[in-house]
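Order as written gives the chain letters A, B and C; numbering starts at 1 within each chain.
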Amino acid sequence: MVRPIGILAGLGFVAVLLWSLVWGAVAFIQEPPQPTAEHEFHKHPRDAGLSSAGLLGKYDRQQLQRGFQVYKEVCAACHGLKYVAFRDLQDLGYSEAEVKAIADQWAIETPSVNPETGEAATRKNLPADNFPSPYPNEVAARAANNNALPPDLSLIAKARHDGSNYVYSLLTGYRDPSPELLREFPDSKPGQGLYHNPYFANLNIAMPPPIVSEGQVTYTDGTRPTVDQMSKDVAAFLTWTAEPKLEQRKSAGLASLVFILVFCFLAWGAYKNVWRGEPH
Amino acid sequence: MATTFEEHPDRKTALIDSAPQEEQGVRRRDFLNIAAVAYAGVGAGVIALPLVNSMNPDASVRALASIDVDVSAIEPGQAIKSVWRKQPIFIRNLTPQEIAEANAVPVSSLRDPQTLAERTKEGKANWLITMAVCTHLGCVPLGAAEGENKGEYGGYFCPCHGSHYDTAARIRKGPAPLNLEVPDYEFTSDTVVRIG
Amino acid sequence: MSFPWANQYNPKNPFMRWMDDRLPLPRLVYNAVGAGYPVPRNLNYFWNFGVLAGAALAIQIVTGIVLAMHYAANAGVAFQSVEHIMRNVNGGWFLRYAHANGASMFFIVVYLHIFRGLYYGSYKAPREMVWLLGLVIFLLMMATAFMGYVLPWGQMSFWGAKVITGLFGAIPLVGEPIQIWLLGGYAPDNAALNRFFSLHYLLPFVIAGVIVLHIWALHIPGSGNPTGIEVKGPQDTVPFHPYYTAKDGFGLGIFLLVFAILLFFAPNYLGHPDNYIEANPLSTPAHIVPEWYFWPFYAILRAFTVDFILPAKLWGVLAMFGSILLLFFLPWLDKSPVRSGNFRPKFKMFFWILVVDVLILGYCGGAPAEEPYVMISQVASAYYFAHFLIILPLISLSERPLPLPNSIIEAVLKGKSGSTLSTGTQTAVSAPAE
């Protein structure tokens, strides 16, 4: 009984699927899907060549500090870093005292309560605090930014496809829309308050170009602050904020692989040993 | 595990005439089995470490290891409760009379012999800073706030099981074995104390 | 039960004898996975995956219990608590990456285990119950994995929960009340997150219980083997321990090697970037995809695009659940008396088409819902149903199986046991078609 019922049910599913297929094919022929501007002109991120990439890549501490400086001077006014604590900056090679000073002098203070009146207040940041958000809430953030929400950057390098390279490419990718794009898709001309960027998902981003000129940030380590260099550095910094344990992970991974490989050899030997002379 | 490898299970039928095994060879090969199992055991032990260690205080807890407290508003005879490592601490400004009372007690008569001077910083003998955690079973003693029961010795009184502490927060009566613990602290200025 | 020639548990240590008289647990283990369980001597590496699935479950339970000590199942802080685990908890990144990639390893291993069963006819009499219990485990695994993916409360967590519970909305009349009941609200929120966490913690132990039944049912007839023929005598078997414990030990090493590469060097490779964005009920990701192990089923769900008597959505839901439920009837759909695909030329050809078909379905399920992926998944879904419901019942009528060996030991001695991967396929391919 199972088989006749099964065959009937099978024929049913196949028939409905083929029916869907026929309709889909008819629709496909009658109205072929229109190419979209995103499909044709969106670009995959360019390789930033960060030292943290690759199987055993490590962070370049100097670069992370430069990137932090770019974040502090260029990005921090609009973009938060709410999952990162000031104390984490010691990973970048800052001393405890330096971290304390950075937290103390941070332009945005941490929300707190006035101990006398109980009213909302702010206080200076301590190393144990996370980076305070630049806006008290989403409404305030949108109101200050032409209704666009500047995303928190803590995890941006993992929250976008190929995120580290994406940050670098996006920051260096601002340009006028190409003539071909405007010819094929006149609608994709950036509207009021939008900027063309082929690395952004829908090509039109609300963030004005943040890094525009050489020397926008003054590096103390003698590195030339070109637009490309600053973009690379902040991409490196944001890779670190998203994956602060990357180095521990890779070194633990290497040790594990060696250990497991040795186990594989031993286990292989034991296996061959146990089965010795036993036909199978 | 290792021993079971040594007892080769009985073969009911000899299928193939296996080559005569030398004593030496047998032992060397069994060593391989034992090594593989022992090695796997070491691996299992190593992998347990991060699991166990994950239950230790995490980085955000460790970051709260020290606090700064402003004590300028505490008048003599008053005490405040503050929080350090998620535990209450007492910061008490002793009056000269309380200091005298504490010093009048013969140290040898105490359950946990300590002088007041040993429990305060030099030149700051009026600042008694202790954990607000009874050394018996961890309740918070009374006596810091105005009007609370200070116990029979004018210091602190733990209501859970009736431990009485004196004005140097030393145990005088009741089940607690030790004086209230004095945490590590230092005065970073005349009015600010850093605990931890 | 066991074969009459099985080794008998006979403890020499007086304590173990004392124990055996009072709680014969060591005896149980000895007879289940020790020297007291005779197993065909010709099992190939595809028989490793049962033990490996058990190892994967153990890894998931251990890492999961520790993670639950740090995770907060509250929609307000769940995402933040996962980041807390990743950044602050000692070794927390290791625990979380191990758990997330452990789920993928579990599914890889179980899919190989299932396809092993499909190829070698492990579902056939007398092992139907083993197969059915295995499918129950598979369903429980899918439920557990789905609910686990919701817990980080990222964008994919939220929208995955919304879409999957939305499937129940396709059921006529009672669909919508069921959906609201499942979520405890009109959209996924705290109530849903809390119950998902509770069940995500419970179900693995239910799985462990069903695994005990799965192994118990297996031990009644004993393990199958690549030739698919019955064990005839003691010369056909070796004791599970040390023979297969040693082989499984080596298999475990390879498993851990792959696991470590994923965990330490590509921990986010199988995940989706959008799940590093906190759940936002007001903004849907550009395209919602489940985790990779659901892609074939997701492709089947989306392949139904046209109303035909029933609404397209209901067809999709029926087909998706049907694609798994039909496996419960497999022992009675495929009536060929020959178990192993090595001796069934037509079956073998269709089996490999099925493997490719499921891979295509998986690819389409992960791709955006646009042409040509929809049309490809329609064809592939049609083959999937045709394979199990039409082709398998019919080929046994016309198929002429290759001659079976007389016994396992004979096949082993002739080198045609299929005990190694290469000879397994070679044998069948090069064997004369009679």
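The rule we apply is simple: a contact is a pair of C-beta atoms (placed from the backbone, for glycine too) under 8 Å apart; a residue touches a chain by one contact, two chains touch by 3 or more.
None of the values given here were measured: they were computed from a predicted structure.
Asker: Line, ring, star, complete or other: which one describes how these chains touch?
Answerer: Its topology is that of a complete graph.
Asker: Centre-to-centre on C-alpha atoms, which chain is most distant from subunit C?
Answerer: B
Asker: Count the touching C-beta pairs: is A-B or B-C ahead?
Answerer: Here the pair linked by more C-beta pairs in contact is B-C.
Asker: Could you put a whole-Å number on the gap between the CA centroids of subunit A and subunit C?
Answerer: Chain centres of subunit A and subunit C, defined by C-alpha means, are spaced 32 Å apart.
Asker: Centre to centre, by mean C-alpha position, how many angstrom separate subunit A and subunit B?
Answerer: Whole-Å distance between the two chain centres: 41.
Asker: Distance between subunit B and subunit C based on Cα centroids, please, to the nearest Å.
Answerer: Inter-chain centre distance comes to 47 Å.
Asker: Which subunit C residues touch at least two other chains?
Answerer: Within subunit C, the residues that touch at least two other chains are 87, 94, 242, 246, 249, 409.
Asker: Note the residues in subunit B that touch 2 or more other chains, in rising order.
Answerer: 5, 15, 33, 36, 40, 59-60
Asker: At which residue positions does subunit A touch at least two other chains?
Answerer: Correct list: 85, 260, 263, 267, 270, 273-274, 278-279.
Asker: Which part of subunit A faces subunit B closely enough to touch in the complex?
Answerer: Residues in contact with subunit B: 85, 87, 127-128, 259-260, 262-263, 266-267, 269-270, 273-274, 276-279.
Asker: So in the complex, which bits of subunit C are touching subunit B?
Answerer: Against subunit B, the touching part of subunit C is residues 5, 7, 35, 62-63, 66, 69-70, 84, 87-92, 94-95, 234-235, 239, 241-242, 246, 249, 409.
Asker: Applying the document's contact rule, which stretches of subunit B touch subunit A when the two form their complex?
Answerer: 5, 15-16, 18-19, 29-30, 32-33, 35-37, 39-40, 43, 46, 59-60, 63-64
Asker: What residues on subunit A touch subunit C, complex-wise?
Answerer: Against subunit C, the touching part of subunit A is residues 2-3, 6-7, 9-11, 13-14, 16-21, 23-25, 28, 33, 55, 83-85, 88, 151, 154-155, 158-161, 163, 201, 242, 244-245, 248-250, 252-254, 256-257, 260-261, 263-264, 267-268, 270-271, 273-275, 278-280.
Asker: Okay, in this complex, where on subunit B does subunit C touch?
Answerer: Answer in residue numbers: 4-5, 9-10, 12-13, 15, 33, 36, 40, 50-51, 53-56, 58-61.
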